[in-house]
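Below is one structure. I have some questions about it.
Which chain is which? They are A, B, C and D, in the order written, and residues in each are numbered from 1.
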Amino acid sequence: MIDKIKASAAEALSDVKDGATVMIGGFGTAGMPFTLIDALIAQGAKHLTVVANNAGNGDTGLAALLKAGRVRKILCSFPRQTDSWVFDELYRAGKIELEVVPQGNLAERIRAAGAGIGAFYSPTGYGTLLAGNRETRRINGRDYVLESPIQGDVALIRAHKGDRWGNLVYRKTARNFGPVMAMGARTTIAEVSEVVALGVLDPEAIITPGIFVQRIVKVADATGQQPSQE
Amino acid sequence: MIDKIKASAAEALSDVKDGATVMIGGFGTAGMPFTLIDALIAQGAKHLTVVANNAGNGDTGLAALLKAGRVRKILCSFPRQTDSWVFDELYRAGKIELEVVPQGNLAERIRAAGAGIGAFYSPTGYGTLLAGNRETRRINGRDYVLESPIQGDVALIRAHKGDRWGNLVYRKTARNFGPVMAMGARTTIAEVSEVVALGVLDPEAIITPGIFVQRIVKVADATGQQPSQE
Amino acid sequence: MSATLANLKKLSRNEMAKRVARDIPEGAYVNLGIGLPTLVANFLPEDREVFLHTENGLLGMGPAPKQGEEDPDLINAGKQPVTALPGAAYFHHADSFAMMRGGHLDICVLGAFQVSVTGDLANWHTGEPSAIPAVGGAMDLAIGAKRTFVVMEHLTKAGESKIVPTCTYPLTAKACVARIYTDLAVIDVTPGGLLVRDIVPGLSVSELAGLTKVALADGREPPAGA
Amino acid sequence: MSATLANLKKLSRNEMAKRVARDIPEGAYVNLGIGLPTLVANFLPEDREVFLHTENGLLGMGPAPKQGEEDPDLINAGKQPVTALPGAAYFHHADSFAMMRGGHLDICVLGAFQVSVTGDLANWHTGEPSAIPAVGGAMDLAIGAKRTFVVMEHLTKAGESKIVPTCTYPLTAKACVARIYTDLAVIDVTPGGLLVRDIVPGLSVSELAGLTKVALADGREPPAGA
């Protein structure tokens, strides 16, 4: 019998390697997998490359991982926030490498890795600093930049409910990067508020089919997490 | 008040132009929008380019559109079926142009049009007849073919339920090409078995958000449609 | 003879937002960015159905929740709590940005540091070496919507025009802006140059051009009966 | 002295399917194509959880429905009525092919006209000028799964080997086949050439090589105690 539900976050994270590329879901704190990040800090993997939308809020979650000095480089769309002081300090001290990726390119590049696309021409960022030295191409009168997939070794995401086959549903705008990161990483680990029996999730309404999810950890509900402001 | 529900299929289809590219949902007969196709035949638009997975089954639906002589060219992945006699005869008589597209490229090319991707490198079809004269590229040791978006003028799809904002849910494997065609066409027209009040569809379970749907037509339930065999 | 800036009645932020709202028709799919543009939502008439999109995965966004009813899982792109209207739908980031990049939004309203006479937009980075760059969805929004509106003060605090011959700040996107709403005027970016569509009372188009230091043509409708 | 083809006990279609099923481990994500490969599902032990994917948008596909319980909206890639197991999920075509093309399936089992010694696959088109080409999802399946298995008769009706130095039929994909199951043998495609893993009783590897007309190495495990 296949059971992707792990007894603890520590068990689920045990094999994350130094130097791994770790995708971390969430938009600000909505959808951020706090429990899994804490377990990653405890696990000790270092020299990580993190892929996330933001660069941490306050002192918990992703910010705590950064503060612990485990992250060599971060790819994200919006590092600078009113409460991103941990990142800001590391960045100004030259202790972390930053690659700013337009949010749509970030999502689509992660999806491309998951969907087996070798590269794609994106309209976003053409003629800007963020296009860097990438190839450009004019197609039917519009200019595009060639973008490459971003493949994760591990994705840490937060969902609402999951079952032992790895099927997931999310909650409101906490869905954000979860489904594409689940596609784009070799090992996807989801924390969920509720584990349900097989067949309870409506097959018409499953957002992430279990094929994209390798491990699930049940966590306490994230009530009391306050949204942060940009 | 925005109300995308049209009184009849005839009204919904009234502005389809000669020479239009018409996407038609369905995998075999599952998800095929029979009522909309009948209305298209009655409407009279000709010299159409049709984008669909198959090339019609039996004598109804897409097969009837082909038989009426309205289709100049068809892009599909699997024209030849045991009951595709209408297409077979037109093809052998040189009366219809055929572009065979691998099914995954078909879906992804339609999505690309809907997502604003200029072109993408696909692993499928490399080194085969279907790669034609397309550009190829080796990326990280794997070979890819450059594929272009397929943009529809009109998409005709079948869904299960819809509301006046155009939100749709589908039924089982009749979902197939509906969601990507809704994204990839300028005007998407959906036939549904049931129109529900706004807010009845679970916002977590809407498969096609209304932004991708311009018109909805309520039709009689498609009970009695038998699946065809390949 | 000429109006001086000091005694001009500039539009307030709310008045600017209200002016933008006037141009958003029923049924439009609209993204209101973050900051000043989000005020536009407050001035859409209740009987006009407009679909608000937020790039973090919601179409059919409603107003801010009542105090105490905030849900940390239901936020907008500025990470402020919002609500979802009946008929709303949630989706993931790739689908959300497909809506934007695929040209499905009718209008996107953005703030700006600078807009050039050809509609280039600079709104993500001051270019200062000490600034931490952060782009979010700005570049995707700028190129994606059928029409991109900019709403901003006409002049910087130092009195320099934010409408410029060429942007000196790093670009967000080239030739993407369709219309500019400022506290002094509404200006269309057209292939023939900038066209003033509306202007605050007491200011002439030539005076505005003097302040703006770029060529501006008068594109106002003649008053009825003129 | 040598076994003749006539008195060899070739595997039946069901026996071939059963042999493939033996190699599909619990927890595998598997696509069984159309035709002969779909028989494999009938030989997966009931206590072994294997996830069947059908490219028209279903993961967790179950067996054929009882007579009278067919649902025309619930079919497999061969357009035959199927069922969905508890835990199944429906999805659209782009997501379904992302599963395939993105390397998320462990195993895909396909029929074939020809397989080359380097694992090239030809299974979609006879190349005859009068044939109407139709590829469906074959090219996506062939390149997508972590391992592509082919199941086919070893010889054509005319007695020619379907394992060939170079495919003469139009290719489905290059160098994609990992293992070949025929009615005579199980053969791995390796960088060092074809390796026979299993063979029907009464047939030697050298006799099989003679029938096949390509080099075959003996890759069978030595019998226990040998």
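Assume a residue touches a chain if its C-beta (ideal position, glycine included) is under 8 Å from a C-beta of that chain, and two chains touch if they have at least 3 such contacts.
Every value quoted in this text rests on a predicted model; they were computed, and no experiment measured them.
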Joint neighbours of subunit D and subunit A, given as chain labels: B
Subunit C to subunit D, fewest steps along touching chains: 2
Chain pair, B-D or B-C, that carries the greater number of C-beta contacts: B-D
Centre-to-centre distance between subunit B and subunit A (centres being mean Cα positions), rounded to whole Å: 33
Whole-Å separation of chain centres (CA-atom averages), subunit A against subunit C: 30
Centroid distance [mean C-alpha coordinates] between subunit C and subunit B, Å: 36
Touching two or more other chains - residue numbers and ranges from subunit C: 84, 90-91, 94, 97, 100-101, 144
Residues of subunit A whose C-beta touches two or more other chains: 108, 111, 115-117, 122-123, 170-172, 204, 207
Category of the chain touch graph - line, ring, star, complete, other: other
Inter-chain touch pairs (all): A-B, A-C, A-D, B-C, B-D
Residues on subunit B engaged by subunit D in the complex (per definition of touch): 27-31, 53, 77-81, 88, 91-92, 98, 100-108, 110-111, 122-130, 143, 170-180, 207, 222, 225-230
In the complex with subunit A, residue positions of subunit D that touch it: 26-27, 29, 49, 51, 53, 59-60, 84, 86-91, 94-95, 97-105, 144
Complex interface listing, subunit A residues touching subunit D: 1-2, 111, 113-117, 163-165, 167, 183, 198-199, 201, 203-204, 206, 209-212
Sites on subunit A touched by subunit B in the complex: 108, 112, 115-123, 137, 139-140, 142, 144, 148, 169-172, 202, 204-205, 207
Touching residues on subunit D, where the partner in the complex is subunit B: 34, 54-58, 70-75, 78-81, 84, 90-94, 96-97, 100-101, 125, 130-140, 143-144, 170-174
